[in-house]
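Okay, so chain A shows up in both of these, paired with chain B first and chain C after.
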Partner chain A sequence: MVIKIVEMIVSPILAFVIGVFFLGLSRKIMARIHRRYGPPITQPIIDMIKLFYQKSVSHGILFDLGVVLSLTGSVVVILFIPFGGMCPLSGSGGLLAILYLMLLAPLGMALSGGEGANPNISIGISRKFILSLGYEVPFLFVILAIMTHYKTISIVEIVRAQQGLHWSIFSLPLLLSAIAYFIILPAILGIRPFDIVSAPQEIASGPMVEYGGKYLAFASIDHALHLFIGIALFVDLFLGGAREPITFFIKMLVVFIIGLFINAVFPRFRIEQAIKFLWKWPTFFAFLGLIVALVVR
Partner chain B sequence: MDRGKISKWLKYPEKMGHKYSLWAIYFATGCGIMEIPPVLTSRWDAERFGVLPAATPRQANLFLITGYVSVKTLRPIVRTYELMREPKYTVGFGSCPINGGMYWDSYNTIKRVDKYIPIDGWIAGCMPRPESIFIAVTKLWMMIDKGAATGYIRYRENYRYYRENQERILGKLDWPPLYPEKMGEDNG
Partner chain C sequence: MDERELELFFGPQHMGMVGNFSITLKVRGDRVVEARANPGYLHRGFAKMMEYRVWIQNFPLVCRINVMDPDPYELIYAMGVEELAGIEVPERAKYIRTIVMELSRLASHLAWIWAYGNALGFDTIGQWSMGDRDYIIDLLEFLTGGRIYHIYIWPGGVRRDLPDGFEEKTLKILDTLEGHLPEYDDVFFNNRLFVTRARGVAKITKEEAIELGATGQVLRATGVKMDIRKLEPYAAYPYLDFEIPVREDGDSYSRMMLIREEMDQSISIIRQCFKKMPKGPVYHRVPNPFKWKVPKGETYVRMESARGELGLYMVSTGEDKPYRVHFRPPSLPHGILILEKLLKGASIADVGHIMMSLYIAAPEVDR
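Then we have the complex of A and B:
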C-alpha cells in the first residue's frame, strides 16, 4: 500500500523530468540539424522558471480550470502506464481507460480556450478536434489489434507477455500496428509534421494565444507529460516495456530520437492533407494488422 | 555567462529566469525587421542566448521596435506593449526610433518613441548589424542583473504622462486605460 502511494507520487515527477529532458534534447538536436549551436539543454526549465515569475492575466474561472483539467488528465494517464516495473494503477482499467483519459487533455485545452474568446483559439480548437478525428481511428485499430493478439485489456499483462525478447514488434500483425502507431505518434503529440493545432506562423500558436505567464508554463508542462505518454505507450506496447527504469528510458530515447529526425526534416501538413494522410496510410496498416491478428488468432 | 551558476539560481531565480529566457515579439514596424530572420536562424542563432520568437504579445517579454515608427503603426505598438505581461523589456532598434533618423523632417513619423512607450535600451545604426542585437541582449542582461531595466515600472508610475502623449498623436484611444488608478490623480 505504501509502495503504491510512493509510486503514485514518484511516477508523475519522473515523467515530468524525462519529458523536460526530451524537450531540451529536441531543441539541441534540432539546432545541430540546422547547423547551429543551439540552446543549453536546460533551456526548457529556464523558460518555465521565467514563466512562473511572470504576471499572468485570467479570462474567467473556466480559463483556469481548463488548464488544470488538461494537466490532471495527463497526470492520471501516467498512473496507468507501466514504467520499468512501476505501475501505480495496474489493477484497474488498462488500455480502455488510457484510451478515454487521453482525450481529457485536448478537452481541457478546448474548455480553457473557449473562455479566451480569441478567433485564433477557436480555429486552433477546431483543428485539434479534426486532427483527433484523424488519428483516433488508426489508434483504435492499433489498440484493438493488440488486445486481440494478447487476449487481454491489461497493459501490465501485455508487458509481461513480451518478456525475454518476445517483443510484439517481432510478430507480423503487430509489426503493422507498430508502423501505424509510429506514423501517428507526431499527430498524437501535436508536433511537426502535424503541428497544425499550434501553428505559430498561421494562427499564432492556436489554443495558447491568450496564455501568458503561469498558464503557458502549465501548458509546457502538459506538453512534456504528453511527450512522455506517447513514447512510453509505444515502448510498452511494442518494445516489450522493461523491468528496470534505465532500460525503459534507453528504449524511449531511441524511439524519441528516430521520431525527432522526422520531426526536424519535414514541413507542416495542411489540415485536409493531414486528414487524408492519416486516414490513408496509418489506417491501412492498422486495419491490416487488425485483420491479420484476427485471422492468426 | 553565468547560466550554470547554481548558487545564483537559488538566490535570484526570478532575475536569472528573466535574463536567460527572453522571448521576443518582433513587431514589423519598419525596415529593421529584415535583420531579424538571420538573427533567429542558422547564421547567427539567437536561440543559444535563450532568445526565441514568440507567437503572441501575451507570451513575449522582449519587444524589439524595428525601424521607423509611423503615426499609423504607433497605435498597434502601444496596444502590443500593453498586452505584454510584466516584466517586459523594450529595445529600440535602429536610428529611427531614437530621433527620427533619416525621416527627421517627415510629417508622419514619430521622432522619439520613448515619449509614448518606455524604452530600456537603444541600438543605434542604420541598419544595425545582427551582432548588435546580441550586444543589446547582453547589455539587457547586465541591466536586469542590476535591476536597471525598469521600463515597465516607469510606464506604470507615469502612466498618465504616456497616455496623454499617446492621445495627443492618436486622438481618443478606443481602449480603456491599463492602469486606471494612475489616471485621475490630480482630479481626485
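Then we have the complex of A and C:
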C-alpha cells in the first residue's frame, strides 16, 4: 500500500522530468540540425520558472479550470502507464481507461479556449478535434489489435507477455499495428508534420494564444507530460516495456529521437490533407493489423 | 466547422508575418471570405524627404526602401542621375555593379526561402538559408563596409575598387553555397509535403497577372518571359550569358521554384563577371557633390530587382536637389491587388505561404 502511494507520487514527477528533458533535448537536437548551437538542455525548466514569476491574466473561472482539467487528465493517464516495473494503478481498467482519459487533456484545452474568446483559439480547437478524429480511428484499431492478440485489456499483462524479447513489434500481426501507431505518433504528440493545432505561423499558436504567465507554464508542463504519455505508450505496447526505469528511458529516447528527425525534415500538413493522410495509410495498416490479429488468434 | 464569420488579424503582431505588414481576414470556417492588406506601418515619407536633400545625400535613403534587397535601389537612383546628367560609367564599374546586384539578389532569395519555409512551419530550411545568407552579407561587408545598407554605388560608378582577395573569397563562398543548394533541394524543394502544400494554391492566370501589374517571379510563373535584364539590359548584363527561368502554372509552387532556379543563374552570372571584368577606373568623376546642379529634365529608368520590375521617375529642375523622385516598387501591386485577389477563398493555413510566394517586401509597399 505504502509502495503504491509512493509510486503515485513519484511517477508523475518522473514523467515530468523526462518530458522536460525531452523538450530541452529536442531544442538542442533541432538546433544542431539547423546548424546552430541551441539553448542549454535546461532551458524549458528555466522558462517555466520564469513564467511562474510572471503576472498572469485570467479570462474567467472556466479558463482556469480548463488548464487544471487538462493537467489532471495527463497526470491521471500517467498513473495507468507502466513505467519500468512501476504502475500505480495497474489493477484497474488498463488500456480502456487510458483511451478515455486521454481525451481529458484536449477537452480541458477546449474549455479554457472557449472562455478565452480569441478567434485563433476557436480555429485551433476545431482543428484539434478534427485531427483527433483523424488519428483516433487508426489508434482504436491498433488498441483493438493488441487486445485481441494478447486477449487482455490490462496494459501490465501486455508488458508482461512481451518479456524476454518477445516484443510485439517482432510478431507479424502487431508489426503492422506498430507501423500505424508510429505514423500517427506525431499527430498524437502534436509535432510536425501534424502540428496543425498550434501552427504558430497560421493561427498564432492556436489554443495557447491567450495563455501567459502561470497558464503558459502549466500548458508547457502539460505538453511535457503529453510527450511522455505518447512515447511511453508506444514503448509499453510495442517495444516490450522494461523492468527497470533506465531501460525504459533508453527505449523512449530512441523513439523520441527518430520522431524528432521526422519533425526536422517536414513542413506542416494542411488540416484536410492531414485527415486524408491519416485515414489512408495508418488506418489501412491498423485495419490490416487488426484483421491479421483476428485470423492468427 | 461553424459558419460564423470571424475577423482575424494576420499581422502586424503575428508569428506568421514577415515585416511590418498586416492583413485583415474575414474567415468563415477555414476559408477566407475577404482579405484586406494594410500597409502603413512603415511609412517614412522618403519621396518627400528626398526633395530636401542634395542629389548625393539621397543614397542613404534609397537603400532603406527595401531592407532585404537594398542595392537595386542605389543602382536605379544612380542610373537616373547618370541619365539626367549624361554621365558614362566605366566598364569595370559596370561589372562591379552587376556583381553587387547579383549578390544582393542571392541574399534576398535566401532570406525569402527562410520566410517561405517559416510560413509552412518548416524551420530547418529557413535556418540553413539564413545561415548561408550571412556569408553573403559578410562578403558585402568586406566590399562596402556595411552589412545591410551598403551605399556603395554612386553616380558615375562605384565608390571604390574591389579590395584584394575579394574575388577568391567570393568564389569560395559561391562554391560553398553551390554545395549547399542540392541539400536544399533534397530537404525542401523536392519534399513531397512542400509540393502537396504549394502546388495549385493561389493560381493566377497570365491575363490577370498582366492586368494587375505583376512583374518578376509572379509574372514569370505564368509563362511570360519578362525580365528587364534581357529586355533593356543595363550594367554589364548585355555582355553576360544567362537564362530567364520561366514556369507555366502560376501557382505558389512555381513562384518558389523560380526563386530557386534564379539562384543558380545568379551564381553563374557572378562567376562570368569575374572572368570578363576588364581592368581600369571604377569611377567617372562628377562635380563637387554638394554644389552639383544636375541638368534640367525628367527620366524614367527601370531595372530588375530581386522581386520584379523596379522603376524610377525622376525630375530635375536644374537645382542642387531633385524636384521629384518616385519609385515604382515591384511589391506594390503584388502586396495589395494580387494578394487581396489570391487570398479570397484560400484556406487560413495557406495565407502565410501565399503572401510569401508573392515575394512581398513590406517596406517597398509603403516607402
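Remarks
The rule is simple: the second predicted complex is superposed on the first by the 297 of 297 C-alpha atoms of A that agree within 3 Å, B and C clash if a C-alpha of one lies under 4 Å from a C-alpha of the other, contacts with A are read in each partner's own complex, and residues count from 1 in each chain.
As a convention for this text, a residue touches a chain if its C-beta (ideal position, glycine included) is under 8 Å from a C-beta of that chain, and two chains touch if they have at least 3 such contacts.
Predicted, not measured: the structure shown is a model, and the values here were computed from it.
Touch criterion met: A:204 reaches chain B and chain C at once. In the superposition on chain A, A:267 contacts chain C only, with no contact to chain B.
Once chain A of one complex is fitted onto chain A of the other, the partner contacts of A:291 are absent, as it touches neither chain B nor chain C.
In the superposition on chain A, A:53 contacts chain B only, with no contact to chain C. Legend: residue contacts after superposition of the two complexes on their common chain; A:76 is shown touching neither chain B nor chain C.
Residue contacts after overlaying the shared chain place A:126 against chain C, while chain B stays out of touching range.
In the superposition on chain A, A:275 makes contact with neither chain B nor chain C. In the overlay built on the shared chain, the residue A:253 is in contact with neither chain B nor chain C.
By the touch criterion defined above, A:107 reaches neither chain B nor chain C.
In the superposition on chain A, the residues of chain A contacted by chain B and by chain C overlap at 34-36, 200, 204-205.
Across the interface of their complex, chain A is touched by residues 1-2, 6-8, 14-16, 27, 30, 117-124, 127-128, 131, 187-188, 191, 193-194, 196-197, 347-352 of chain C.
By the touch criterion given at the top, residues 3, 13-14, 16-18, 20-21, 23, 41-42, 45, 47-48, 50, 53, 55-56, 58-59, 61, 84-87 of chain B touch chain A in their complex.
Chain A makes touch with chain C in their complex at residues 30, 33-36, 119-120, 122-123, 126, 192-193, 195-196, 199-205, 264-273.
Contacts from chain A toward chain B in the complex involve residues 27, 31, 34-40, 42-43, 46-47, 49-50, 52-57, 200, 204-205, 208-213, 216.
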